[in-house]
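Chain nomenclature is as follows: A, B, C, D, E, F, G and H, assigned in order of appearance, with residue numbering initiated at 1 for each chain independently.
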Amino acid sequence: MIDTLIDITLLAFLVFTAVAIIRMRNLFVIIMLFSLYSLFSAGLFAVMDAADVAFTEAAVGAGISTVLMLGTLALTKNHEEKPPSHLARLPLLVVLVTGGALVYGTYDIPSFGDPASPAQTHVGPYYIQHGKEDTSAPNIVTAVLASYRGYDTLGEVTVIFTAGIGVMLLIGGRLMRKQKRKDQR
Amino acid sequence: MIDIIFGHYNYWIVVVLMMAGFYTVISRGNLIKKIAGINIFQTSVFLLYISIGYVEKGTAPIIAEGYTVYSNPLPHVLILTAIVVGVATTALGLALVVRIKEAYGTIEEDEIHDQDMSL
Amino acid sequence: MKYPVKHVISLSVVLFLLWLGLSGHWTPLLVSLGIVSTLLTVYIAHRMDVIDHETYPAHMRLLMFRFWFFLAREIIAANIDVIRRVFKPGKNISPQMIKLPVTMETCLARVIYANSITLTPGTVSVNLEKDSVTVHALSIEGAEELRSGRMARAIPQDYVEE
Amino acid sequence: MKHNLILRLIAKFLFPVIALFAFYVQFHGDYGPGGGFQAGVILSVAFIFYALVYGLKTTEEILPPHVLRLLASSGVLIYAGTGVVSLLMGENFLDYDPLSSEPAAGQHLGILVIELGVGITVSSVMLMIFYAFAGRGQP
Amino acid sequence: MTEAQVLLLVLGLPFIGAVGIVLTRHRPNLREAVTLITASAVCALVLMIYGQFQAGTPFAVDIAEPLPGLLIRFEIEPLGMLFALVAGSLWLITSIYAIGYMRGHHEVNQTSFYAMFAIAIGSTLGAAFAGNLLTLFLCYEILTISTYPLVAHAGTAEARRGARTYIGILLATSIGLQLLAILITYAITGTLDFREGGILADKLDPAWAGLLLALYIFGIGKAAVMPFHRWLPAAMVAPTPVSALLHAVAVVKAGVFTVLKVTIYIFGTDFITQSGANDWIIWFAGATILLASLIAMRQDNLKMRLAYSTVSQLSYIVLGALLATNMSLLGGALHITMHAFAKITLFFAAGAILVAANKTLISDMGGLGRAMPITFGAFLVASLSIIGLPPFGGMWSKWYLGMGAVETGQWLLLTVLMISSLLNIAYLLPIPIRGFFGKTRDGTHYHHITEAPKSCLLAMALTSLACLLLFFYPDPFYQLALSAAGGQ
Amino acid sequence: MILAVAAIAILVTIALALARAFMGPTLYDRILAVNMVGTKTVLLIAVLAVLSGRTEIIDIALIYALINFIGVVAVLKLVEHGNFYASGEED
Amino acid sequence: MIEQHLSLLLVVIPLIAAPVTAMLPGRRLPWLFTLSVTWVCLLLASWQLSVVMNGSVISYELGGWAPPWGIEYRIDAMNALVAFIVAAIAAVTLPYALRSVEKEIPEYQTSLFYAAILLCLVGLLGIVQTGDVFNLFVFLEISSLSSYVLIAMGKQRRALTAAYQYLIMGTIGATFLLIGIGLIYAETGTLNMLDLNQRLQPIMEHRTVHTGFAFIVVGIALKLALFPLHLWLPNAYTYSPSVISVFLAATATKVAVYIMLRMVFTVFSSSLVVLTSYMFLVLGIVGVILPSISAIFQTDAKRLLAYSSIAQISYMVLGMGFASVLGLTATLVHVFNHALMKGALFMAIGAIVYRVGSSRLENFQGLGRQMPWTFSAILIAGLSLIGIPGTAGFISKWYLVLAALEQQSWLITGVILLGSLLAVIYVWKIVEIMFFRPVPETVIEVREAPASLLIPTWVLVSANLFFGFNTELTVDVAGTAVRLLGVTAP
Amino acid sequence: MILIEMLSWLFIGAGALLGIAGGIGIHRFPDFYSRLHAAGTTDTLCAALFLIGLAMQTGVSVASFKLLLIFAFLFFSSPTASHALANAAMLGNLKPYLDENNADQQP
């Protein structure tokens, strides 16, 4: 029961934060609220028994992403968003259609927490039953991440690597020129 | 009806969150705010996944004595990967914003557009 | 900058104990990984030049108990005071901005002083300078209390060598 | 922010703790929440913290960008290399069974190694990205 | 050499020649020698093939199979042989003419001119020898594109505009209508081979036959049936040899040749007549004949007048094809030859006048014939051939076309033909008459004007002689046309 | 039981702090409120961990306590210096 | 023994090569290394294609875990064909890259630039090879992220906004895909494509499945630049460095088409397809005509080609819309052929940019005579784009129209032909300016592009001609692929 | 055992009250600096009470060690953050609301 309460309250916080982010115009505040948003999501993940995800979201959403956004803000030195010049009707329509589709789509989705849903009966249980003896890692998430779906994780590392290369190419000139001088020496 | 509400409120609120993020991305002209919007959008999708993996009276999928019902680890793994992808995208997007600011002197979409047009 | 080997050792020991406490799995593999991790951390810290007596006082004596106790009592009392003010209807506070002299010699002591002021509800150190600290106090009483120097005297000065 | 005495001191004190915590998370991924990615992020955050307090230049002297580039690449290579090793041992890519005498132990070892690869790449890339952002526009 | 190799050689030679021309671009004499040698070789080969073909040797070669069951295939049959003979022999003559003309007129970019010319002829020969509709279409399109730079040769804004109309109409009709027709044909029959008696006969609902035929007739834009004839006058911005060879022989004849091929081998004459597919399209051809003649009368620019004359004459052949009787087909096929020789002479003459006197308007040509008697003499001969008066080759084709009309009882069409002949007289004969007997506008005499360069004169003489010869000795072409038309 | 009460109390506190974060009025008020929400969330997660009995979750609280602090430091550095590269050596 | 791993190595070799490239110093060394890697990939891809050409299927279990618990590589004729396209284009682009990159990218960025190209290749190949929907998403992101960066490396500042726009649109697309995958996962509990197919069949009427399908289709459509969602594409192709325009134009959207085919026909393959086919047909019709008209009015050659790409993509979408054997064959053949022609065109334009420094059409005046080889390349590839017989483009148009005729849809037949006519206009616009406009007085002599740019261009041009005559590879493989997709409708 | 349980309840209950009081405080106080007192200071004690209470529940284990570690960490970081925030506000020229009765005010 208390789980449900926390769940609902955190969801409500998320909604408030999201609405506030849309309405606020000071980018500084937006970024801080965004970090709160991440934090609440991390809390929700924890409530929904996704410890690893909560961990990651806390580290990434509230840590790295926020710092990077602040760094951008420092460079752009533009703290106030311009007020929207007109009511964005088309985006609103698109969003409503998308949202409508999603609500329509969730009608047939198995109930929240239903242990008999396909997701809980098909592939997932295998990992829980065999994960520990297959990989000798009690944390099944790690077992799946690193072994059963290790290839996805290789892709994930590659994604990060790509981002690193990308950022270096885009704004890392200073760092690389230093490197270049060292090479020449 | 009441069953549907209780079984789905989580999804619905998540949908609302997604819409909020999505709306921020497509309606706002400030480049940083767009990135923030994208992040909100993605985080909400993560919530959707985790909701799918949640099991009533379950616990985190770390095998231990005394627990038999665990939540589904697969969505967790997927979302871990997706979070990483999200932060990578954010980093790149922000790097682009920095460059755009240097090149145009503004990070407002309509001002950038005006500058491009006046060429 | 050269610093005593004992700082390095004390830091290593503290960190390794921390590892053991966090880990909870005392298998050979994890303990050896713990040793590796500790050494790596110490190496980085060494490169960073952050190992010195200020942070890892190998000689820090446990006699600081007296201070801790003092601080805890202050914190509790001050908390009650702030709560009272929160619930007191009408005009409940009279904020002050005061400047206090700082007489401590070492950096560590000054930092402890400033942080203690902050920790004690009702007063916040706003700016710590070479020989003074600016404090924002919630009430006249709080300001007076600080002026009296009771807190300053409680800061243990004697454990700092050199 | 170095002139802020309090922060400087606290940073000195906290940095090793955070770094050690990162290593803890790195190596306990198979027992509790965490793993290479989270550890990488925490480690990079520790350095970011140091850079915030002591300045970017100092940090770059401790951990130069070209070393980071090297580390970022090597993390990916460690991961993929593990897969190649399993190939060489006659199994499918990323099948850790042959890494040790018995499959479960092999899996354990494999997971440990690839998590290390993840951690190295993530921490170095994150820090690299931070360097790039923080140092942009530096005189 | 096997037959297949010979066939490949004759098809490949122009392209090899084009490469040779490009390679020798810095030495004009050598370049033109290459052109002449290639043209002679092609002419000789075509004649050789003709000889063997008459002896009964089959020629066929498959190049590739781009689509399952659809080959790029070359095969010689009588109609193609006829067309190849015309194109091959006239290329040699035109080359001779072109050398004189281009030098006399100081044209720029002569290399690309000669090279594209060779490619155009190569694709014309390809179209002539095409073994199925796909191959024909392929060559047809290459021809369109390779002639575009020739039309736009001058590079002036006017030339570009003309060339744009040219390529626009030709590509649009071929892609929009002809390709569609081909695809429909393929979708219905599963083949695109040329077959005696047609391939559509039992497959297509006769009710739709008319529509499909219309797609073909209008889709083959090179046949210039109104309303898709605008490209031909527009292409008159090209240098005269281009107009002569391409717009009197290669391009337009490729169009009507395709029309003949489609009617004979795709639809089959029986199917056309039985299904009534030709009922109404034929009137487009008839109307084109008359309207184009009428327009031609009103043109003062000589080349434009000739262009509209060509439009009109092409529809004779289309008419012959659409009547779909043995006689009319024979007439249509023969007209390819007859009209080619006559019209090329006319264009040669027009070019010669331009080079020698720098005149393009008919109204300026009074008395010019006295300064350039050979040119105007050739012009007269060719005009008479076009009108269809004996003793010139043009008589035969008109005769058989008329017979075809009579055979089917289309008296109205016969009338059209008659009127058209009268109109021909009206717009062609005044030119030589004015040339020989007219006065200059301001009454002066042309002292400074002499005949065109020798090579131009030579070419004109050859073709006008051919017009005469074809009356007395039409036999090679007659035989080929006859076997193509299905009678023996 | 008491843990449930604790959780609710923390949620209420977070709600109050959140309201301050939305209302401002100054930037510093917001930072303050965000920081407070952060600390309280750390507690919430800790309570949750004990509540569910899965003490592994405490790691999340620990990490968040770290990250939150560093986030605030970053914000302050930006407010004070306007950039991330300054070393502060100048004075 | 190694043979069973070759399909995997096709992805893993560039993946390992990318970080190595990032560490190499200088200009030539990274290039040489990347070049050899792409050629090895081409070899592997050809081998793979030759194996599955006869209709057999390669299955590879990553990590030794059997699907659906582990990730599976599942390669049939369609994957192999698309992988071959990608590898081939990469192998041709790399020789071209040397001179072009030297001119457009500063030296200190060279090695990272090549690493990014390799990563993009890894992503594209990974998408194509995998049989797991989430793995597909991950590799999709690798390719997307690297292409954002590569696009942003263009010299003009608008490259930055183009990349940003692409990033936003691409991320929205990827997130939609993620939502779709999530909904489907909630309904089936699996991520393996084959398994999904089987488990989806009995629950096709579920609204969640419908919504998931819709989100997947919209998400891919964003990546595909399907007509109303194409806004990112023109800028992205216009302002990116020449090499990247070539590579992305020839591969990225093709791979997106592949994903669409795979998702719609392998994963869902049922009554839902009928629904989408109408949408595809409508969007395809509009998408052929409007972008073609836009292309006509462009004043920048690259931009013109980009709009033409959108129109060409719509042809592929039309083929999908028919959902028939012929239609899908047409789509696959066009995927192949369009890669050839757009690759050649962008390469030729890149050669001009190399000499002239701009891709604006006004600077192209009279270049035809100064750069005859480049010009003829543009001409031939342009003819292929129009669909003149004898070129590869004709083959795809042929099948497409046949597919339309088969279903007696005269409207679409007309649209396809009209699209070709519009292509005539915009191709001719370039040709005319290059060849028949006099060179402006102010322009100094321009030389023909260097051989290292011309040879790859002409390799593709020749391929355009070759595949216009020899369709054994394209049509046969496409036919096999379609047969394996299990499309039975006429 | 029951004693520890009771003590833990007491600690947690006190912490909860303190937390809520702090939350109300940041709404009742008029300006940033005074709110800082309400938030920052109650934070420390509130967290301490909570964490100690929780640690009592878990008994001697890795978990309680970690809880105490969190406490130690907060104990150092929280005042630092408060101080830094106040410092930044002052440098940012945010004027405090001061009691005008008091003439003693400085800077």
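Convention: a contact is a pair of C-beta atoms (placed from the backbone, for glycine too) under 8 Å apart; a residue touches a chain by one contact, two chains touch by 3 or more.
Everything quoted here is computed from the prediction, not taken from an experiment.
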Mutual neighbours - chains that touch chain D and chain E alike: G
Least step count from chain B to chain C, where 1 means the two chains touch: 2
Lowest number of touching-chain links that must be crossed from chain D to chain G: 1
Most distant chain from chain F, judged by the mean position of its C-alpha atoms: E
Chain nearest the overall C-alpha centroid of the shown protein atoms: G
Contact-richer chain pair (by C-beta pairs counted) among F-H and B-D: F-H
Chain centre separation (chain B, chain E; CA means) in Å: 69
Between chain G and chain E, distance of the C-alpha-averaged centres to the nearest whole Å: 43
For chain A paired with chain G, centre-to-centre distance based on mean C-alpha positions, whole Å: 30
Chain centre separation (chain C, chain G; CA means) in Å: 61
Where chain B touches two or more other chains at once, by residue number: 18, 22, 26, 52, 59-60, 62, 64, 74-75, 78, 80-81, 84-85, 88-89, 91-92, 94-99
Two or more partner chains touched - positions in chain G: 15, 18-19, 22, 62-63, 65, 134, 138, 141, 145, 148-149, 152, 179, 185-186, 191
Multi-partner residues of chain H (at least 2 other chains): 22, 24, 36, 40, 61-62, 66, 69, 73, 76-78, 80, 83-84, 87, 89
Interchain pairs in contact, sorted by label: A-B, A-D, A-F, A-G, B-D, B-F, B-G, C-D, C-H, D-F, D-G, D-H, E-G, F-H
Touching residues on chain G, where the partner in the complex is chain D: 1, 5, 8, 12, 15-16, 18-20, 22-23, 60-65
Chain A-facing residues of chain F, complex: 3-4, 7-8, 11, 14-15, 18, 21-22, 24, 27, 30-31, 34, 37-38, 41, 44-45, 48-49, 51-52, 54, 56-57, 59-60, 63-64, 67-68, 70-71, 74-75, 78, 82-84
Chain D - residues contacting chain A, complex: 29-35, 37-38, 41-42, 44-45, 48, 65-66, 69, 72-73, 75-76, 79-80, 83, 93-94, 96, 103-105, 107-108, 110-111, 114-115, 117-118, 121-122, 124-126, 128-138
Complex contact set, residues of chain A against chain B: 7-8, 11-12, 14-15, 18-19, 21-22, 27, 30-31, 34, 37-38, 41, 44-45, 48-53, 56-57, 60-61, 64-65, 68-69, 71-73, 75-76, 78, 81-82, 84-85, 88, 91-92, 94-96, 98-99, 102-103, 106-107, 109-115, 117, 119-120, 123-124, 127-128, 131-132, 138-141, 143-145, 149, 152-153, 155-156, 159-160, 162-163, 166-167, 170-171
Chain B - residues contacting chain G, complex: 18, 22, 25-26, 31, 34, 38, 41-42, 45, 48-49, 52, 74-75, 78, 81-82, 85, 88-89, 92-93, 96-97, 99-100, 103-104, 112, 116
